[in-house]
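Pasting the structures in now, so scroll down.
Across the two complexes that follow, subunit A remains constant while its partner is subunit B and subsequently subunit C.
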Partner chain A sequence: MDIRTHRSLIILFLVSLILLFVRVGIPETRQILSILFFYIALSEVFNLFTGLTLYVCFGYVAFVALGMYGGGATIKYLLSASSPPPLAVVLACAFAVAGILALILALAVGWISVRLKGAYFAIATIGLNEGLKNLIEGTGIWGGSSGLVIANDLIQSYNYDTFIFVTSELADYLIFTVYAVTILCIYLVIKSRLGYGLAALREDEEAANVMGVNVVRYKLIVFVISATLAGMLGAGKMIKDVAIYPPQAFAVSYTVEAIVISMLGGLGTVTGPVIGGLIYGVLKYVLTVSFPGLQLLALAPALMAMCVMFPYGIVGWLRRRFKGSKIESLLI
Partner chain B sequence: MSKELLRLENVSKSFGGIRALNNVNLIIKEGEKLAIIGPNGAGKTTLFNAISGVFGLDSGRIFYMGRDITKLPPFKRKYLGISRAFQIPRPFAGMTVLDNVVVGALFSRDIKDIKEARVRAEEILSLVGLHSKKDELAVNLTSPEKKLLELARALAPKPKLLLLDEIVAGIPPAEVDKIMGLVVRISEQENISVVALVEHVMRVLKYVERAVFLHEGRVMMDDTPDKVLNSEVVKDIYLGKVYE
Partner chain C sequence: MSEVVLRAENVETGYKGVQVLWGATVSVGKNEIVAVLGPNGAGKTTLLKAIIGFLKVWGGSIKFLNEEISGLPVHERVRKGIALVPEGRKLFPNMTVEENLVMGAYLYNIKRDKEIQNIMEIVYNLFPILKERRTQKAGTLSGGQQQMLAIGRALMTNPKILLLDEPTLGLSPKLANEVLETVVKLRNELGVSVLLVEEKVLLATRVADRIYLINQGRIEHEVLKKDFGKDELLYRYLGL
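After this line comes the complex of A and B, so read on.
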């Protein structure tokens, strides 16, 4: 592997790392940056499927929620033993279970739905959230409608200081790790045969099929990878929030923010969600401070204006603007 | 006699009440250059869709190199060496010219990785004369250039069977000679069988060895281009109207 060909990825990783540590250096930014990072990570995960295929999955939040529940339930189960295992083992198990559950759900849903084209796929996945939410509330598994809370389990099994460290520090690093794995995945996919196939199917699915691209399999592969990472991100969020309630867990609103961020930054690019996330985060923050209570009213026209100005996302616009220069090669 | 490459046995396909293909039997040999002619609506493009696997057949079977491919999806047929250029060019508009051809090359049996696909794509682009445009977005090409790109994409995977759907339609006469000359040269170099669909048969007459006349989903004649053109059947149905 030649380092120079991967320079852009390494730079992006370093920039992200700097952002991560700004929150340590400047305590005031901690809260905002850690929320922002979750959204950037979610946008990257979302981008891995939607950006590369231009298929929109309305049921996306279900994978995050399933990861939260899976991770939370695993932690609760392991800590209910008389002598709880070490923290690292508990967290590793939580991530593994979250990922596996999301993977199984994605395989089951994807196996059927990726055979559908375009909007039909979106329609087929629309019931996923509500279905899962009603299943949990109706059957009462994982706490049912009263939710799943793991704060006490963590405090009793370890101690209060560990609890604070895990939820306010470690959780952010875990979310960052999922983010780093996701950008690596997108990068590797884009550079591979799979990436060429996806780029072709994104442009013209039927022509791609005639040109030898196994469209159904390719869509399923990225759908499953993306959903698995979404589940793991859910586990990270669970460790951070230490509680989950069905109405919030299955709220479509935060996946919509992920969609906005990746479209703003540039669908199908690695750098897009980071740039989009920063702009969106700053915009939202500034508007909240200057127009308290009216921020959503102000945010919508601001986003519309940006979508009109940058139809290919900011990264897409920058790539066209600096075509052939070094800047273009950095904007993966 | 060269070996048989593709065989269609009693292939039929209907759309609603219209029999687009009606018991078509056709054998294509290795390295053969063949034109399928017929007026608008004769079933030419449907025949190509059947060969490339875009839809299932109502009845009949298709054999490729002795293997029954009737039920194979399009991408597997491409993998086996059946390559197609669309009538209306369908380039991947947001990708560069080079990447378009790389996609064509990459998904085939003979090309192993992206590096090899790139080498092959550059080679083909030089052959068709689009090499200087390789970094442009496909959407920015002119119409004849898009046809050339379509041809390059279809040739890139080193196919055994090249299906050209109206490759010279809407192309100025001077360009027709250039494109068909290329097709003949490359297909002879690489032993590719070529099937060209044409409505205006005169334009490709001198480049093919055999012509099949299709009308209302049936094979009406299958002979040398001269004989097909001069037959009474063809004149009545087809040429008579054109040259009135």
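After this line comes the complex of A and C, so read on.
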């Protein structure tokens, strides 16, 4: 295999890695950057499905929350044993369970809903969040409306220093790992036959179908991969937050930020969420400093202006600007 | 008629409970160009949608090379050798001419470049204008060029039968003629059978070997080529 053919992916990975270590190296940026990184990762996950199919899914809150609950419950369960297993095993199980639960939910929901046309699909996925929230609060599983907290379990099973390390360092590395896997997935999908079929599907679904593309299966495949990664991202978030309460867990707002970031950066691109995320982060920070308290009021028009200026996202704009040059080939 | 490639028999179907086709029967032989003529809303597009599989049939059967296909999803029918050029062409407007054609060859393993190049060469020979315009965005082609691209793209799936839904719609008489001439040419050169839906009766009589007249979801009449000049009902259609 020639490494040079994958140069663009490797550069993106290195840039992301630098960001990760800026976060570690400069303590003041830690909080902001790790939150931003979670958004970028979620935005990549979102892009893997919505960016590649143009089917808008509002269900990511549910997949992330399910991952948080599944991961948290797994950790709680394993740590309740008289002699808890090693930390690595506990965390690996948490991620596995989170991913599997999200996968099952995505298969069940997707099996029916990817057959729906765009708008109906979006509507169907909105119900997912409320449905899961009501299920958890109504049946009282996973702590019901009082939430699920794993802080004490971690502190008692290991020790306080480990707890601090896990929640403030390791969690970010784990989220980064899910992020890295996600960009690898998008990259591989785009370069594959599947990505080809999806490109046709994006332009015209019926036309893609008469070219022999199995549209239902293709949508389902990326939907399930994307949801599974969202669930694992949830496990990472749970390890970071060490607690989940239904009202916050199912608040749509943070998935909206992920959607904004991927649209700003460029739907269906690998680099889009990173570029979009950084710009969004800086913009939000600058606006918060210059219009304290009014930042959201200023953010909305700023974002709208950018969407008008860059209808295909910043990456789309850059690709046109540098058409034919080396830079274009880096903007995967 | 020689070997039958496609036979749709007593097809009944429609949309959300509203029946449109009431037992339509058409068949297409090997190397044959068969036209389906009828007024707006007669069910011509609906018939093609049932054959390709966008619509499930409620009754009747669809046989392709003697195999029942009415239960198969669209992409599998395409794989078996049925290609549809839909009403309104449905190109990928933001892709170039060549990218549209490559998409048409999606069925093949994309790595096997050679195979794709071969088919593409055949399509380019049939439509030299496409070769000239191969880096142009499909959305910026003229109407006639777009129609040719739509047909070319369908040919990339290497079909045994081509379903054409009003390929001359919106074209000038000269361009319409040109498009239909290439339909004859591709039948002669590639041996592809054609089921052609048309509203322009005169044009259809020029290229078809056989004509079905469809009205209100029923095939009312079948006219053989030798009777094109004297068939009463066809004459009435001409007056439409």
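As a working rule, the second predicted complex is superposed on the first by the 332 of 332 C-alpha atoms of A that agree within 3 Å, B and C clash if a C-alpha of one lies under 4 Å from a C-alpha of the other, contacts with A are read in each partner's own complex, and residues count from 1 in each chain.
Following the convention adopted for this analysis, a residue touches a chain if its C-beta (ideal position, glycine included) is under 8 Å from a C-beta of that chain, and two chains touch if they have at least 3 such contacts.
The structure displayed is predicted, hence computed values, not measured ones.
J.: Given the superposition on subunit A, are subunit B and subunit C in a clash or a fit?
T.: With subunit A aligned, subunit B runs into subunit C, so clash.
J.: For A:E130, is the partner it touches subunit B (first), subunit C (second), both, or none of the two (neither)?
T.: neither
J.: Contacts for A:A200 in the overlay, against subunit B (first) and subunit C (second): which applies, first, second, both or neither?
T.: It touches subunit B and subunit C both.
J.: Contacts for A:G212 in the overlay, against subunit B (first) and subunit C (second): which applies, first, second, both or neither?
T.: both
J.: Which subunit A residues contact subunit B in one complex and subunit C in the other?
T.: Common to the two interfaces on subunit A: residues 193, 196-197, 199-200, 203-204, 206-215.
J.: In the complex formed with subunit C, which residues of subunit A make contact?
T.: 193, 196-197, 199-200, 203-204, 206-216
J.: If we count contacts the way the header does, which residues on subunit B are in touch with subunit A in the complex?
T.: 52, 54, 73-75, 78-79, 84, 86, 90, 92-95, 99, 102-104, 106-108, 113-114, 153, 157
J.: Give every residue of subunit C touching subunit A within the complex, in rising order.
T.: 52, 54, 73-75, 78-79, 83-84, 86, 90-95, 103-104, 106-107, 109-110, 153-154, 157
J.: Can you list the residues on subunit A that touch subunit B in the complex?
T.: Its residues touching subunit B are 191-193, 196-197, 199-200, 202-204, 206-215.
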